[in-house]
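Note that subunit A is present in both complexes that follow, paired respectively with subunit B and with subunit C.
For the complex of A and B:
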């Protein structure tokens, strides 16, 4: 699957950019970045998703993994989620657990 | 479309996804319907690969077929793993609970069955047979 996951940590915020298609075969790559972010004790996880065109339930499971690794106090933001991916998140009730925003300005971040 | 026979490991997910999307294009499905169909098949096939084969140390093939008629596209997935009917899994409970309380078992099957117009399962002649039906848009 054409999939990439890259991590940047700035000011205790983890920015993970995921692109392409996220299914069970590539979800471990996503989890690797989440583990790397958790190891840095970040206070917030921001997922940049504008180039993610597909997400299976393996992606949702990775969100549960993120909360477990980072602690329930860490908010998860999802930025620029594409429509079919957002539909999956809502259909499964995961929109109650993440904050979906159209954009994320690092200089002026949204509050949780 | 020709049937696609592919060994049951996670590398199969990409070619299977392409197969379903090609069938959806031939059927004239709208983008959202094609996405839901592709997701549904992905979820069931992932379960087949992981639980039907890999976890129990079995090897085998998954066979994909596409059946197109005037009204509908049917994707059929056959495998030789242990009998498993996805429909007997209950819907995941606690859809509105916080992430740490979520019971994540059954999510894939939930998405699969909810996403297609009709879903069917049967076990016959040593094969699990999962069928996914999407109605075609009215031809103009």
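For the complex of A and C:
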């Protein structure tokens, strides 16, 4: 599946949906969406990852980039992460920096 | 114009070759480094004429490109080239070196071999432990590219003072591989993180990891002569393939090439839990063996530089494994320095233990040097300045340097004398109390000019019996290794307590357990730096095998059910470790002086026997007691309680008259290996009913606190 990264901002929450394989060649596309989200000063970043099938070194760095770009005040939720990708995130310790959830309720607002 | 608008002027290709865009590279850093748009490859050889970069797609048997380094790209003896447009995550690389094949002159160049970059930061091709290699693959260990960025979130090496360390010697795979561990990816760096709560409860603040750089677990592998279904492997890992690369098969994410991130994540989490990380490093030999061994890397890159060679061109074998790395050749010395600096700087490693370190003090033809440049360089290096440097101060060529290793005021040593003298005392040998008195004090007989922190004290390590086996076997039983029990050391100084191996006899089992506790008690009240072996805290047995280097199975894997079955032992060890942390008087930076220099009325350490102030130094004595004056803690700069330890290795109970304490203080019992309960939580020790005398059971240790 080809890689796509799309951004939607609703009620101060940025939703970025990433699909396919996140490798070094497409990582810049993901980063562009993150930068766009950060530019809108959202309070939360939600990454929809149910169709992301592969992620390794470059992909992990994109996620770290997202964490750093959004800043420490912005929680990052990862929704419906596929098992192998979730494992990679846990094995490299990055799970401490994000909140992984099976589903995200859009009625769940970020606290002020 | 801000700095981000400034473009470098050296990031565009200048040459092409077969569709590849190239540019002259930079010699530094050596290895493969990501630069804007490409990869900088740098490799040196004193005697090669030419070099070719060989590129593979990950996992493919044949290369997809071979790019000769243009001669115009060479600086000195360094071949350096930037190649643009590579797929960082999917490319594997190696080198062919062109030179003469003239073994008598020390040269073994072979253009048909593809060679691993000695500076490869990751090695591909062996990503999963135990997957049989494709022996037809011409290039088994493949250089991979790594991202060296990592979000440390403020982590740095812990710099715990040496005297405060309690070292736990751990094998990465063996720690969690056993099914009973309950972790997700057993035998990996990631799974160690799941067990950090256990390590914290144990109280250790330092793990020393058996070799974690890339090695080949199939090296020397053979079928077990007694069981054709069982493969004996290189389990311990003392056979380096890649000095700069963490072993891919030790990473749960090794398949994805993320072992670097996974190991860094482990170090980061250990650090945040107050635990240092030491690496066991093996610079005395490589996995290439002698002239009959495989050509993986150094032999084909620059044999004459890297190996100690005889005048005829054969390999000196001071390591006992086939070859000896030429550590005091300036080029190799620099590589070793680069390597350790890399681990210290990039992985935040807190220190290193050097296997067969005596080799590092030999010159290129094996003669011991009085001022070995490598050891000096390591001792004075600025990046390594706060790292622990620990030497296994002997080698397989007869050079035994415990107490005489060139230390430059920095190096510590695995104190083999402590191990031997204390084991003999433990088993009840006579004539040892004088030696034990030295061991207890951090071995001033060996390290008078260097302090107790030069002495790494231990009863057991990966080499030899486990502590449970030390008290269960008189002789080694290494039949499982397939050498007819001829391998492994014979000077174990062990005693089986009355029966060889497993027994139902409750008296023997009870004595064995008490002996284990005696060992831990004595280890943890000795000045110096205590180290113990993973699993000894729960009585792990290797069934009497004292050389389990090739056993990838339950002999080596920690059985976590032992934490339940031997919970009393674990509990005792936890308390002894906590006791050590609670009492600075046990952890002096300077040697004890055996006299009163603060005016407390007590020497900093005093010796006693069954009569207070009258130690028994006679030849037949099996008892020793000592008292530490709390006012002399940390050379008198810190106030601590008084501590009294009595060790009775005679077989019958003996009354020990207790030395008097200052007015207002009383003796409290911290530990008594012959009693139930055998110990109390530090600061909750009960007062001794009889303040004049303590009956110490046969083969027992009592530890009292005066406060």
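Keep this in mind: the second predicted complex is superposed on the first by the 106 of 112 C-alpha atoms of A that agree within 3 Å, B and C clash if a C-alpha of one lies under 4 Å from a C-alpha of the other, contacts with A are read in each partner's own complex, and residues count from 1 in each chain.
What we mean here is this: a residue touches a chain if its C-beta (ideal position, glycine included) is under 8 Å from a C-beta of that chain, and two chains touch if they have at least 3 such contacts.
Since the model is a prediction, treat every value here as computed from it, not as a measurement.
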item: Partners on subunit A (subunit B, subunit C) - clash or fit; value: clash
item: Touched partner set for A:101, first subunit B, second subunit C, both or neither; value: neither
item: Which superposed partner A:80 touches (first subunit B, second subunit C, both, neither); value: neither
item: Partner chain in contact with A:7 - subunit B first, subunit C second, else both or neither; value: neither
item: Subunit B versus subunit C as contact partner of A:63, first or second or both or neither; value: first
item: Touched partner set for A:36, first subunit B, second subunit C, both or neither; value: neither
item: First (subunit B), second (subunit C), both or neither touched by A:90; value: second
item: Touched subunit A residues, subunit B compared with subunit C; value: B
item: Partner chain in contact with A:72 - subunit B first, subunit C second, else both or neither; value: first
item: First, second, both or neither for A:24, with subunit B first and subunit C second; value: both
item: Stretch of subunit C penetrating subunit B in the combined three-chain arrangement, among 4-12, 112-120, 508-516 or 688-696; value: 112-120
item: Set of subunit A residues, in rising order, touched by both subunit B and subunit C; value: 23-25, 56-58, 60-61, 64, 67-68, 87-88, 91-94, 97
item: Interface residues, subunit A side, partner subunit B - complex; value: 1, 21, 23-25, 54, 56-58, 60-61, 63-64, 67-68, 72, 76, 84, 87-88, 91-94, 96-98
item: Contacting residues of subunit A [partner subunit C, same complex]; value: 23-25, 56-58, 60-61, 64, 67-68, 87-88, 90-94, 97
item: Interface residues, subunit C side, partner subunit A - complex; value: 87-89, 146-147, 149, 151, 184-185, 188, 190, 193, 251-253, 256-258, 261-262, 265-266, 268-269
item: Complex contact set, residues of subunit B against subunit A; value: 10-11, 13-14, 17, 31-32, 35-36, 38-39, 42-43, 46, 49-50, 92, 95-100, 102, 104, 107-108, 110-111, 114
